[in-house]
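Note that chain A is present in both complexes that follow, paired respectively with chain B and with chain C.
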Partner chain A sequence: MEVDMQMADVNTGLIAIGAGLAIGLSALGAGIAEKDIGAAAVGASAEKEGFFAKGLIMTVLPETLIIFGLVVAILILGLAQ
Partner chain B sequence: MLTPEGMVKIRILGSKSQMKKVINELYGLKLLHLTEFRPAENFDIGKPFKEADLYSKHLVKLRSMVSFLKIGGEGKKIPAKANLKKLQKIERVFEKMSAGLEKLNERKAKLGQIILNPISRIATESDKIEQAKSLKTFIGVAGKGFIDELERSGLSYDLMKEIVGNKAAVILTVPTKSAKSAADMLVKYSFEERHLPETRYEEAIAELEQVDKKILQIKAEFGQFRKYNESLILNMEHSFTELIEKTEAPLSFVTSKRTFAAEGWVPKDTYEALEKRISNAASDKVNIEVLETEEAPPVKLDNPKVAQPFEELLKMYSYPKNYEFDPTIILLFTFSLFFGFMLGDIGYGLVLLSLSAFLFFKLKGALKSIAYIAMFSSVSAIIFGIVFGEFFGLEIIRPVIHRAEEIQTMIIVSIIFGLVHISAGLILGFITKYKEHGLPHAIFEKGSWLLIEFAAAALTLGILMKFQALTYSGAALMVAGILMLLKGEGIKGIAELPGLLSNILSYMRLFAIGLASVSLAVVVNELGVKMLESGGIWFVPAIFVFLIGHTVNIILGISGPFLQSLRLHYFEFFAKFLEGGGRQYFPFGKIKKWR
Partner chain C sequence: MLRLLRISSEGTGYVYTNTRVRVMKSKLLSRDDFEKLMKMSIAEISRFLEEREYKKEFDELGRLLSGTNLIEYALNRNLEDQFSSILKFSVRNAKEELALYLKKFDIISIKTVLRGNISGIQDEIVANELITAGSLSKAFFKELLERTGNFEEVVEYLKNTEYYPILKKYRSDMPTLEDELDKYYYDTLLKSVSRNLLEFIKHEITSKNMAIEARAKKHKVVFKKMRGGKSYSEDLYDSPELRLKLRKDFVSRALKLISKFSHDITPVIAYFVAKENEVSNIRIIVRGKKAGLSEADMRHQLIIGE
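== the complex of A and B ==
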């Protein structure tokens, strides 16, 4: 992807920053949420091996946040065109 | 297929003389899920047959052999009784060898202690240490500096010493009157008291070598023992497990002086065959009747062979109750559909297909099922790879949908998947509620959600297409749906309303995960191709970039879609109709795993 320097004005830059923030912050949020769940899930599966699969699923639950972030990022990028 | 198999509860009542025959027949049939029988008047809980003690004694020994020798696999069947003599002999040999090994290991530990005790370098128990009232002896380890300080102190003493590293092993004898000052000095150099060892250091080392040799020898003997007796031990373990199950079966029966009774569940369509077989076996001295009961029967999933491995995914969630839907057959299609849609690459699909096919023939049990599911899903990934025209991220054929560019289309397709999936879940929920509590409940609790979903679609379309009639009717339906929900689930339902939107939006992961996967593949390819174009020595790192990049992407591309597809089913789909918590059908005669 070649970036056309003449096209990239300040507005486009701001839009790009917005998109980056949307996905970055939502990923951060998901990470914070998954940290606690993951720790608890590992603890639980140490107690009872059968819990591993369930724990894994629960750990990826907050990943929805990133999906929403991504969608918002795509919508924001749509403004640039 | 979509619901668990129907069950009937039966009671077997018979003459006690026939109990053994009935048990044998039931065990062979593997159909009856025994339930605990509450003792009534004149009836007591049955007692195990008297052989149970003997069998369990042998079984414990057999299992310890299996664990210790790490024997695996299945052997040919050998009847247990015929070999009881041989078994006793094997047990004796094994016990003798185990005792020998244990003794050697104990000795080894002891010798290790002696070697680690620095005192062993200067004296042993057999050396006479002078004992007198007027003398005080210190035996132990102190810092090296202690010896210099002792010399400088001017005390009268007798010292045996050996420097080991920066510590000194000392045996210090001082007159009682200067014992206190000597003790203070020792404490300063962090003195630790030690015992006099049994043997000297050099002897201990030599003996340890001997012991190690003997341990190796006995381990080789164990190897021989294992080679000769492996299949026999396995068979006997198997047979004794069976015998014990049979001899202990009366524990879930009730018995009176002359009769016995047992209760349990059998699949409806096997009942007649079971009745015939049991009656025949007991020469018609039993009575079998079907009981009318409100109890929840155990759940036996009933799926065609192609779908059975997918039951494993359902079990991870929960067993359905007997009146609930068993979504295994739906999982077969939707799970692999979602997985393939997310991975969507011919190359990655082929890698996963060969890997999972290999594992499918290697593995056993639940993991084998997972490999089967992966095989199924990888085929779907290959099909979607053709749709998206991707091979390791490269565009090798003209794609039907170019998923990195046609984001709008991909989002819409994902949302449509979501709408269909969630609606299907709600419809299944509607039927479940109808079966459980009747039509009004079903309409207010699940129908309302369906109506709201439909209304939202109408509303959106109406606004988008500027078609006012559709907009207004959509809004009216929405209000009606919300009122119905309020009646059905109360204020809690209203609070969950936004959840429906986030549930549907959640399906956008279908395209998002795929986008991430294809982007990573493209990055790897571009980097590698650039290196290749530079020519010469860049050829080598380019290979590494391709190899590592795609390996990482395959791992992410398998685990991500697998977990996310599963999650969509568990939280968005199952939650609409499946409560779970059913009891698994476990017929008498099916062997429980003990390790």
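== the complex of A and C ==
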């Protein structure tokens, strides 16, 4: 009985790690994608203010990756029950 | 992980600088603008340029100069201001590499000062001709012109610069001195630029070699090629047509590189060429107007990108 409980704890822990990795890695990917876009957006809007809004939109586009990560993390957490 | 982050952040400096320069490129004069300029008088050209990117320089020099002189000096000053501001806002690796490329203007300025000194041209005129966008500042050259009299004094004043050994060695032979300064510059540059930019620099050297060889052949003097250029088989003989063709090839190659994505300073260097070309186009129009050239003759001399 005690062994079963311990195995369940390990499985829950692994699921939690999986969910963490899903959101963490997707956030890291978004960050890497955003750094160049952000740098370019700041450069463009420094020269011409009209580029500010466009630059902002372009910069946040990779944020969708985190949403995918979040969805996957929630699905993984669903396995814990 | 830290290493990964460092590697991935290396390109950011280039991205920022290159994008900012691409926006600056969009402010360069277009084909329509040049068509308009060709139909204007000198006073109208001044007014037109004043309303564009040259406002600051026209405001500064407008009190002292007028007519074609005002346009000529304002163009030089604008080049200097733009190139220095690009160096100022560039970051990380891009800044170091740009500073190295802009040493070209140190060499040009030193040559101008020495030539002015030999020909006995007034200091004020020489000072206005200088484009001090390199490592040696405007104040440095101002002091140099004020404090020195003869050629030897100019060379000695440059004692603390990296160019002094060459200046000292070849001080008695001006043409060789000029060649050696160019060679020193390109040798230093070729050692430290990226592969992409290397191609462009090699093309610049080749085009210079071709122009100098053609001139040397015309005047029957011995010519030594600069290292680093590509080989070519054309039989060259100096003529205005050949000079125009070489310049056109070089500029059109640069214009294509501005919008090309690259993780180095190639777009910025290409912008420098495009900006210098714009200034040279305006100069052709202004001088052409003064000399009474026809619109067709001026149009033939202009190099305008698509």
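Throughout what follows, the second predicted complex is superposed on the first by the 73 of 81 C-alpha atoms of A that agree within 3 Å, B and C clash if a C-alpha of one lies under 4 Å from a C-alpha of the other, contacts with A are read in each partner's own complex, and residues count from 1 in each chain.
We take it that a contact is a pair of C-beta atoms (placed from the backbone, for glycine too) under 8 Å apart; a residue touches a chain by one contact, two chains touch by 3 or more.
Computed from a predicted model, the values in this text were never measured in an experiment.
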Chain A as common anchor, with chain B and chain C clashing or fitting: fit
Contacts of A:Ala46 with chain B and chain C, given as first, second, both or neither: second
Which superposed partner A:Val71 touches (first chain B, second chain C, both, neither): first
Touched partner set for A:Lys54, first chain B, second chain C, both or neither: first
Partner chain(s) touched by A:Leu79 [first = chain B, second = chain C, both, neither]: neither
Touched partner set for A:Asp36, first chain B, second chain C, both or neither: second
Partner chain in contact with A:Leu25 - chain B first, chain C second, else both or neither: neither
Nearest Cα pair across chain B and chain C, whole Å: 8
Touching both chain C and chain B, counted on chain A across the two superposed complexes: none
Chain A partner contacts - residues on chain C that touch it in the complex: 8-9, 11-13, 15-20, 22-24, 26, 89
Complex contacts: residues of chain A adjacent to chain B: 53-54, 56-57, 60-61, 63-64, 66-68, 70-71, 74
Touching residues (chain side chain B, partner chain A) in the complex: 316, 407, 411, 502, 505-506, 508-509, 512, 515, 563-564, 566-567, 570-571
Interfacial residue positions of chain A with respect to chain C in the complex: 32, 35-36, 39-44, 46-48, 51
